[in-house]
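Below is one structure, written out as structure tokens; comments come after it.
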Amino acid sequence: MSAEFRIGVASDIVPAVTGDPLPSPMVETRHLDAWYGEFQALRDVDFSAAKGRVTAIIGPSGCGKSTLLRALNRMNDLVLGYRASGEILLDGVAAPTDPAGIIGLRRHMGMLFQRPNPFPMSIFDNVAYGLRIERRYKKAELEEPVERALARAGLWDEVKERLHRSALGLSGGQQQRLCLARSLAVEPAVILMDEPTAALDPIATLKVEELMREFRDEVTIIIVTHNMQQAARVSDVTAFMMMGAGRAGELVEINSTIDFFNRPKDRRTEDYITGRFG
Amino acid sequence: MNRRARLTNAVAFGAVRALALAFILLVVVVLVFTVFQGRTELARAAFYTSPPSTDRVGSGAGPQIFNTFYLLFLTLILTVPTGLAAGIYFAEYAGTGRVVNAVRRATETLATLPSIVVGLFGYALFVQATGSHPSRLAAALALTVIALPYAVRISEDALRSLPMTLRESSLALGATRWQTITRVQLPAALPQLVTGMILIAGRCFGEAAAVLFTGTVGTPTDHANFSLNPFLPGDTLAVNLYVFRSQVDPAQVTDAATYADGVAALLIMLVLVFNIGARYAARRAVRRLQGAI
Amino acid sequence: MSIVPSAIVSAPSPWRRRLRAERVSRIGFAGAAALSLVVVVLVILFLTVNAWPAFVHIGIDNFFGSATWDPDGAVYPAGRYGALTPIAGSAIAVGLALVIAIPVGLALAITLAETGRNVGERVFRPAIELFVGVPSIVYGYVGLVLLVPQLEKIAPPGTAGQGFGAAAIVLGVMVVPTIATLSADAIQSVPATLREGSTALGATAWQTLTRVVFPAARPGIISSIVLGFARAMGEALAVALVIGNVARIPSPASGLNFLLYPTMTMTTTITDGITNLGANPKAEAARYLLALVLLLITFGCVSAIRLAQRRSETSR
């Protein structure tokens, strides 16, 4: 692997949209490799996501975007034949690798999926789920954090009358915001989003995007999207991945979103964002 | 050429549909006939309460009805938790190694094993080797051997049919796999599980060969008379249907044929109830989950 | 910022405690799964141990090399244990049953899978699922009270209408739903694009079915037939009611009467021993050996199904 593939490492990141300097990284990977059986899915990925900012990962399908995202909270460990090497750092410290530590790690990294997937229980129970698995609560103790999480996800007013009815009765957009509230209830440091609006209509998409901007400084968001406009709209930093030799995913460039789209450093980035391939 | 192809098409599909329809009609007629044949027994109150006897007056299938459901109860208590746990293992943890493959193969073998072989095995292990006598517990254990592979498959399928992201969402909140399985996956799979288990129950209560070898000592009056003691022997409706049509001497038991008619009719009615029950339970559970209730 | 990473890195104690429960539950799940393997091993063990006297006192050559089955010494005082008669009986009865069940089962499967969603799924499928649930002993009973008296009218004098004919019909009807539902599943899982591709080339529905859909669904259809075969082979009591249970295979030269003379199968031979378990150790061992043969047939069926399915995976 030649050095030119590692153009944008964390230290290269220049000031973001606001012109403020980027905060220090919340999540970093160093020389991350990942395999599904014999197939190498990620090769030597040095990724970084700044604290309290939105980092978008874009790239053609099959380039390892989701694998990278799911490597961060060790969700891929469940996949048969998956293994990874390299380092994952959280706020500059090596992420835990023991079973208890991994559960703790996931506890602090929320996750949102392509299709909204509320649990088959009431709206209230969905949001309270993350709290209840940590320890026993009295129902009254839960009311405040549940309301707060729903309010942060912009859903409280829509559902406050029907908290104890099944979450599966909500619309798709509402369900996705409920899933967001479910993550927020446990006050995560990071939220990982895997094409969170791919199954939503434009209005619901807009709502979710607005929410992402509202969490600035509070939550670090890493979003995988196939939609370049979305990356440009919501993110402070954009990372571009591509399949390299042997179809292994590589990180081509990571840069502040403004520079990324206006002054791409790598030819392949430029080709991609101008639509010459992908 | 084209015309010939179209003619073949019409004739072939016509024949296929006619054959299919004829078969369905045949079986429906047979089932209706059986219920019709047993109508006088089904209409008699004593049929549901009295034990079988050698003359028609006052005889019935009461203890056998009780034994049928009692055995079903014992079997499900043994089968459902074990089958569920094994299904969870296959759906959630199992890899593709040699041991797992052997276990999968064993489960498939059990599902295909003739019930008469299970009966003989059950007799050898639960009755002979334990120095015991036929009992309803031994019969329930034999029925468990028959039902277990179905319960495993139903549980595994039910869990596998759930979207992967459901369990991942739970794990992403810091839940352990145990918490994820018990609090999210099992409730979500409940409609399929309930339907499947009801159908398994339907299979068990009609099973005769395995119970014949393990549960009864072969006399028609051997029915434990509503006792709850699992160590007592006892026969079921299905076993009685066989015994009264094959081993009982019609000269001694004058109502044997009539009694069998009643039992066959009752079995068919119960199959109907199980089937409709399974469908109803599934529909209700789905609606509850989707928030309509 | 809501967390300090040290909270992540030093995992809090409740999770550590829960992980112990995690390990225990995992072992429990694995144990439950392994139970099937334990049971199969026990089945092999107990059948073999109980069949052992047959190996010693009857001999494999006598068992598989003779057609004279006379366990209780009705004709031969020492008893004869030639298993060829029950084995041939099973093969003939099941073979005839499949001759009935395969065409009818496939016709039902086609109707189920290719008829419009409403009729197929709302009428045919529930009906067939109901038939699967009917206890096999009921099929045997109906055969005995409805079919056998009709056959008796054309049967040779001194016989009651029980025999291969009645057994094949009862087994065939019993097995049709198994073949139909599983084959219909296989047909339905053939990708629609394959079907559309053929139709777009101007093929009729029948041509598409026989030349495109059937070949694609073949592994599933074969599996369904093997399962039907296994079910027919293993059915005991329903057959016992209608086959007459006489230790003789009718002469093939007897024409139609071949189907009407009473005879026996492996399962009915085992069933026949229920009344005197423990009375005649040699006969009992011979019956365990028959059960062992049925077990081997089951292994064969499972392997056949696995093979069919593996072929389909590699060919895709």
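Note that the chains take the letters A, B and C in the order they are written out, and that residue 1 is the start of every chain.
Everything that follows uses one rule, which is that a contact is a pair of C-beta atoms (placed from the backbone, for glycine too) under 8 Å apart; a residue touches a chain by one contact, two chains touch by 3 or more.
Just so you know, these numbers come straight off a predicted model, no measurement behind them.
The chain with its CA mean position farthest from that of chain A is C. The greater number of contacting C-beta pairs, out of the two interfaces A-C and A-B, is seen for A-B. With centres taken as mean CA coordinates, the chain nearest to the overall protein centre is B. Look at where the CA atoms of chain B average out and do the same for chain C: the two points lie 16 Å apart. Annotation: 51 Å between the Cα-based centres of chain A and chain C. For the pair chain A and chain B, the distance between C-alpha centroids works out to 48 Å.
Counting partners per residue, chain A has 103-104, 107-108, 134 as the residues that reach two or more other chains. Multi-chain contact residues of chain B (touching two or more other chains) are listed as 174, 176, 179.
In chain C, the residues that reach two or more other chains under the touch definition are 15, 18-19, 22.
Interface of chain B with chain A (complex): residues 95-96, 163, 165-166, 168-176, 179, 183-184, 187-188, 288-292.
Chain A contributes residues 51-52, 90-96, 98-101, 103-105, 107-108, 134-135, 187-189, 218-219 to its touches with chain C in the complex. The touching residues of chain C, when paired with chain B in their complex, are 15, 18-19, 21-22, 25-26, 28-37, 39-40, 42-43, 46-47, 49-50, 103-104, 107-108, 110-112, 115, 124, 126-131, 133-138, 140-142, 144-146, 173, 176, 202-207, 227, 230, 233-237, 240-241, 267, 270-271, 274-275, 277, 287-288, 291, 294-295, 298-299, 301-302, 305-306. Contacts from chain C toward chain A in the complex involve residues 1-9, 11-12, 14-16, 18-19, 22. By the touch criterion stated above, chain A contacts chain B in their complex at residues 73, 75, 78, 80, 103-104, 106-111, 113-115, 117, 119-121, 129-130, 133-134, 165-169, 179, 182-183, 186, 192.
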